[in-house]
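What follows is a short report on a single structure.
Which chain is which? They are A, B, C, D and E, in the order written, and residues in each are numbered from 1.
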Amino acid sequence: MSEQFSRRDFLKLAGLGAATTAILTGCGPASRYVKREPYQQMPEYNSVGQSTYYATTCRECAAGCGLVVRTYQGRAIKTEGNASHPLNLGKTCARGQATLQGLYNPDRVTDPNKTGSAMEWDAAIQVVADALKKYKPDEIAFLMGMAPDHLFDLVTDMANATGMNAPIRFGALGMFEARATLSKAAETLFGQAGLPFFDVGGAQVVLSFGANFLETWLSPIPYTRGFTGLREAKTKLRGKFVQFEARMSATGGKADEWVPLRPGTEALVALAIGQIAAEIRGGAMPKAFSSVDLLDVASKSGVKLEALEHLGELVATTNGVLAIPGGPALGQSNGLAVAEAVLALNAFAENIGKPGGVYLSALAPNQTEANRPASAKEMQEFVEKMASGAFKVLFVHGVNPVFELPKSIDFKSAMGSVEQVISFATFPDETSAEADYIFPDHHGLESWGYQRVATGTAQPVLSGAQPVVSPFYNTRATADVLIAAAQLAGGKFAEALPYKDEVEFLQTKVSSLMSESDGSFTAPDAFTFMAYFQQYGGWWKNTDARLSSGTSGILNANISAEEAQFAGEGEFFFVPFVSPTLAEAGANKPWLQELPDPTTTVMWNTWVEINPETAHELGLHNDDMVKVISEVGEVQAYVYLYPAIRPDTIAMPFGQGHTAYGRYAENRGANPANLLGGHFNEAGDLAFAGMRVKIEKISSAVSGVGLSRMESRMGVYGEALGEEH
Amino acid sequence: MIRPEEIKMSTEETGKWGMVIDQDICTGCQACVAACAMENNITFVGEEDAGYGRSMHWIRIERFWEGEYPEVKMTPQQPMLCQQCGHATCEPVCPAFATVHSQAEQLNLQVYNRCVGTRYCANNCPYQVRAFNWRDYQRPEPLPNQFNPDVTVRRMGVMEKCTFCIQRIHKAQDKAKSEGREVMDGEFTTACAQACPANAIVFGRVDNPESLVSQLSHKGHGVKHLEELGTLPNVTYFKGG
Amino acid sequence: MIKKFFDWLKQPLGLIAVGIVFLALFSAATYGIYTTQQTPEQPIDFPHNKHISFGIQCLYCHPGASKGPAAGIPSQAKCWACHNQIVKTRDSALLAPLKDAVMSGESIEWVPVAIVPDFVQFNHRAHVAAGKNCEDCHGDLTKMTIYENPQVFNMGWCLNCHIETAGDDQEKLIKLSDCGTCHY
Amino acid sequence: MSDNKHHADAAQSHEEHLREKHLMLDPLPRGRMNEMVMESMMEKPTWKFWLVFGFLAFVVVYFLFYQWGVLIVKGQGEAGVMRPDYWGIFLVNTVFWIGISHAGTFISAILRVFKAEFRRPFTRAAELMTTFGLVQAGFSIFMHMGRVWVFYWLLPYPNQRMLWPNLHSPLTWDLLAITTYLLSSTMYLFLPLIPDVAMARDRSTGWRKNIYKVLALGFRGTEGEWTHLRAAMNIFAFAISPVMFSVHTIVSWDFAAATRPGWSSTIFGPYFIVGALHSGMGAAVVVLAVIRGTMKHMDYFVRGEHFDAIGKLMLIISMAWAYFFFNDYMVQWYGGDKWTQQLLHFHEAGPLGWMWFAMLFTNIVLPWAILWNPKWRANPWLVGFVGIAINVGMWFERYIIIPISVTINRMPFTWRMYTPGIEVPMGIGTVALFILLYMAASKLIPLIPVWEVQEGQMAHELKKFGRETVVSVSELE
Amino acid sequence: MTESKVIDLLAVFSDLAPAADAIEQLRALGVHDDCMNVISGVPVTEAMLGRPRQWTNVPRIAMGGAILGLSAGIFLAYISPFLYPYPIQVSTQSFVPGPPTAVVMFELTMLGMLLSTFLGVFLDSFFPNYRPMKYVPEVSDGKIAILIECPHVDEKKITDALNKMGAESVKPAEAQHL
């Protein structure tokens, strides 16, 4: 499908919509008043009454799953996983399913505009071209979403050729996944930066230190598939799964053993388990494990010595132990030490580069080195530069930093110091509300592109994207805008992007893969290659390209056995976690809002999880409104008495609390990012779980007001059922 | 015209379509719920109604708690959907024949246009998996563009429930017929099973001993929910663990 | 006051007035029902009979009928491809809306006539495959200009044919009379 | 001699006392009674009457009809129903009003069959309750329907879809039974009304005369007319009783036939019938007390003896209700089913446990405590108060059986408390409509079946057995 | 011409006993029972007045209605499930549900019976009848009226006899609008 077809070519949808909604039963045919409009010219891909399926890539998170979208008469009807895509093998998560609610969302940006007043695309391109011309290259900055996609390549090309600042990629998911820490720890293990790949499916025992890999961690679908392998593989016994975390996540809920350790002691516990295991196995005690004192660990972490010994024995005596660091365990002041300590357990279990063990993720086909998104610290530096006036023009695409960044990194006011902020948002979010111009990009299902798959599969994958429907609104691909503006700006810009349009750029990039061996398909010429690329939903190698040779040096490294430092005052450790159903950009989709959270079954709102015992002591009840106060800010949310959280910990989901972002997201819930201070770990990741907070009761629960839950409080918690017999 | 003696009652066989759900690997990720909603034009109801038990989910994931902190555990997630009972309690109580047993597909049908909204069926469903259109929930334009043309959009006052994606069944049968063959096992599946990242849901013919679903359901430790009521459910659960 | 009114009603003039009011209401109701059963006005008075008399097959313009659920309306380009070549129709006033639509890229708004309610899932393909001809349901189009339904498309009509088709084959009867065959 | 005289005086005063106490022994000329009934009916309503009437009319128009319009336009979401409480107050009201309607039939049919003479003056008042109560029940059940505009699909009629109602469904039986009951109780109200309307026709002028003329159908009171009427009323009295029992039994089957903890009970049929009589008799005494207190000459027709007699019936019915309640509770409790246990516990100790105890108090404790005493029993206001209390208690009972019980099912994940919404004003609207219809009826039709009273007075006499004077009744038929 | 030969007399009595005596007297005077009719404000049994038993068709009509109702019930219960061109199965219950058929038949029998009883009263009494009729309103005040159809020539004789029997008034009856 190309964009030459105008919207007119498609059935006018309003009429059909009315037809489908108008059901007056028992009164004869209700659709009597419907009008139908024929195609001006029947598109070749369309056949009357038949659905057409397009392979593309899911843009709801940065994982890069392949989708097959069912379209019917120009409308996208349903997304399914692309069964041949090596990353997700035909499966999708809830966010992938709901992507259509973004496409047909009633609150999208419909036209290019300058602070609300619509403008023409020609003028818009002129604005971009002027900005490129007017300012020095090093005064131009690009901030982009986390996905390593074709637009990132295009801007990188532009930056390389013109001396413009290299584009920065950021996403809250990456922040909460602590990708920089993982990458750094992987460097210690493999001698090479990149995302580690944990083969959960092949393991026999999985020890997860805070990794929420069944929710939205790095690449949710392959890890869920891995979990199925852990539990169901035909060739081995049902695998065991132990989770270490202060607050039971949806992942922890599936664990056979859930170890609620004191936040900040993950490294100690990992090292202690290593020490016990090494003792049981005999031989020399690895240096990494030798520094901890077991009794000390037991008292600090709150995990009983017997429990540690039992776990150590498990590690020592079982084949196929896999330890995974992640989530809040890494988002602490000693996050890197945690990662190293946990990876050391893997080294001790000798599973590096073995099935059921740890690999370094394969690089994507047209990639030479791992390129991780910016850490929070790098973002802080970026924002400081913005605030200092170093950037005169800022382009924002695919990210909503005003919402996603912690409160201590004040992106919003820094935007004021940038002369011109141009947003390419498809959706009116908090950042675009502050921007000078919004030049809306197509929705992911309306746009061309490709995306590198960073992790999750053994094969190098370049996932392909193509429009499955023609653009619904007067939007334009950002790549096209940039190419056109670069031509208009001339000079180095025009030279850097010598393309007619986005498609030509893609073709150039993708056809460079033709010469690669072991590809999933071959083609005689670039056009055919490109066509196959669209048809299969990408190109991938058929070989396992994961790095599997690790240096076992990590066992002899000095791993700090300190507890994490906690910022701020207050009686509670604070664990913010990403809502598995909403993540950072799902709040605008009504059906994602209406999906119950896997752990609490809450819909449409934000809650504060408190241990029932603690709540009882504080006189708090379900649905009481409380204020959570950290050193930098405070937010209000309803109390949820959560039976699986440490009494000294409270937790809040991230994903709600938007002040813009459409009718379904606006003024709903609270944003825990507003509590987060600017503390980082050694790798530069935000110590988001390294804070202490206070809570204050604002008001008591009122009947009929409170959290919308799928679960029954009576049936699940026995509330209001009276005393037991 | 009908000869009842020639019509097989569903008790006499195992049913036709069935499902196996492995609770041990269900992670509760809600992908099935979202997929079901997208496939079947299910409406969202908003915060207040959802919290008041009026959500329209055709499939919901139940989880309970065992024990007290720190020995607390989540029970295995239990996706609960229409069990397509062979001996369904919902069917006989409808005064209008709006929910009847399909002889052809051995499913519990819900005929939306026949429903008068007495809600007796939902009351009588031991699994509580029926959803009623309490209001005329409007989906603002252009959201209706994603409506699946194969599924009726329900309006106020009618009951609805999981259909085992009967539109997919019909489509597959139609396709197979046009190609002069039988529907093959695994040729198609329900929206929930297709989406499930953990592969916890398997759908197929239970009356075909070769099919994956019947092989799984005969594995031995599967249970049928509330089987003691004699409802002959067609969904088998594996608790695992 | 009211008594006076009733008294007035009782005399012949009053009875006539009552009669007129009753007739007016009745005819309005009849007209209301009648309009729902009428062939609607179309943007172009499309003469089906002429097209058929030229030997054009139904499936030429409505190819979807043999492949899937919907028969479809031909694209404007398809219409114009022929009509553009015939001098008589190229400039005909009757076809001006088509010409305008083709030139401007606007779509003609046809009003569908042979429709079933949205809660009925109808599939042309299955019916064509079962040996039904177009005219079995849509009537003799050689005698029609604008299409009109030869009968009311209601459930009884559908069922009658389904039952006849099934005949004595109980299995077929079950399939063809199952509620879930059309309603889901 | 003096002793004799004393005895004679005593006998004389005893006789007077009996006459004073018993309407049947205190005959007035028929013309006088007619006059009294006509006066009570045609008495010019006071401003208080119009105030109450206007207020009720407003309540009916706004709370019942306007809100019903809102409910139809906006959907059942306006009510408090949800998963798992798919059934709410609308059905509580349905059962409640059907229950109320049972009293009329009980009084006028069963008591007629058993020749309980005290029934005579208030059979009409009770029959009116039946018909008006059934109207409210019908309204309530239609309010409950999600798509009430297609209610006719429930009726058996040939149609092009070749569909008939589902005879497997208790709701279909319900529809048949309630239709039968509504039609037959209306006819049974009308038959004995004919002679009274004829009487009113003879004694009225103007628009009333026209109405009564039409209603009296040309009744003169010839031998043939009386014979046909009596034959018909005999048939009705015998045949409508099983219909009455069947109605509430079938209503109980709506619940008992369901696969639900607490509902699948074989005793629900008689339990519901007794409950219906309980609330019906309660409502009947309230109506009688109000009629006696507010309408002219009614203290002649409705006397302490009537309250005493109904009071005894209420006491017996209360005991029967207690028996059935305990029987149901006992077996449910003994069964030990996990979910039933939960349900019983929820009834008593749940957030609405007070309602359960209040039900037992007003349905058992209060009637037993008050109605055992003949003196108290003869006090209209006291018995009326007990009647109101019983009705509150019986409404609670239905509330406990429907929305509270459906909260507990076999899927604890869905348990949820029911919070009523638009049902409350609409329920109040049905009460208002009931009273409004009654008020209108009291001004339009003779509330006392004078001919029946006269017939009774003809049959009663005082008879002397030795020195004792006793009441004796002749069987006239 | 024949009409003029026959006259309707209306005698009003205040009590039952004189009325009964009067009837006996009338019979003695040669007035046939069929030519007499008693109008009363309360149901007075035939025996009280010594009148022949009144024939009523109501029970027969009721029985007929019951049979009709039962047939409707049988139709609904046993025939309508086979009127479907297609088998509608609910749960595993048979097409003709067993016990519920009893419910359906019972209700419809009762409905038929009671409706026809009601209708029977109308048929037997020629209700509604708004034509002028011979009547005295005092009847509803408890008086007993006897309507006598006698030859014109006997008018005087009968009037006298009735007056002697204690009739409050005896006069030629005139049909009037009630």
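We adopt the following convention: contacts are C-beta pairs under 8 Å (C-beta built on N, C-alpha and C of every residue); 3 or more make two chains touch, one makes a residue touch a chain.
Predicted, not measured: the structure shown is a model, and the values here were computed from it.
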Minimum number of chain-to-chain contact steps, chain A to chain E = 2
Starting from the Cα centroid of chain E, hunt down the chain whose centroid lies farthest away.
-> A
Taking the mean of all protein C-alpha atoms as the centre, the chain whose own C-alpha mean lies closest is B
Which pair wins on C-beta contacts, C-D or A-C?
-> A-C
Distance between the CA centroids of chain A and chain D (whole Å) is 66
Between chain B and chain E, what is the separation of their C-alpha centroids in Å?
-> 63
Quick one: report the Å distance separating chain B from chain D, using the average Cα coordinate of each chain.
-> 45
Using the average of all C-alpha atoms in each chain as its centre, how far is it in Å between chain B and chain C?
-> 36
Which residues of chain E are in contact with two or more other chains?
-> 84-88, 90-91, 93, 97
On chain B, where are the residues touching two or more other chains?
-> 1-2, 7, 52, 60, 62, 64, 89, 91-92, 94, 97, 100, 103, 112-114, 152-153
Provide the list of chain C residues touching at least two other chains, using ranges where the numbers run on.
-> 117-119, 154, 159, 163, 173-174, 178-179
Considering every pair of chains, which are in touch?
-> A-B, A-C, A-D, B-C, B-D, B-E, C-D, C-E, D-E
Which residues of chain B touch chain D in the complex?
-> 49, 52-54, 60, 62, 64, 80, 89, 91-97, 114-120, 122-124, 126-128, 130-136, 156-159, 226, 229, 231
List of chain D residues in touch with chain B within their complex = 74-78, 81-87, 144-148, 150-151, 153-154, 163, 165-166, 168-172, 175, 254, 257-260, 406, 409-414, 416, 419
Contacting residues of chain D [partner chain A, same complex] = 147, 150, 153, 341-342, 345-346, 348-351, 353, 407, 411-417, 419
For the complex, which residues does chain A have touching chain C?
-> 6, 8, 12, 19-20, 22-25, 28-32, 34-42, 47-50
Interface residues, chain A side, partner chain D - complex | 25-26, 704, 710-712, 714-716, 720-723, 725
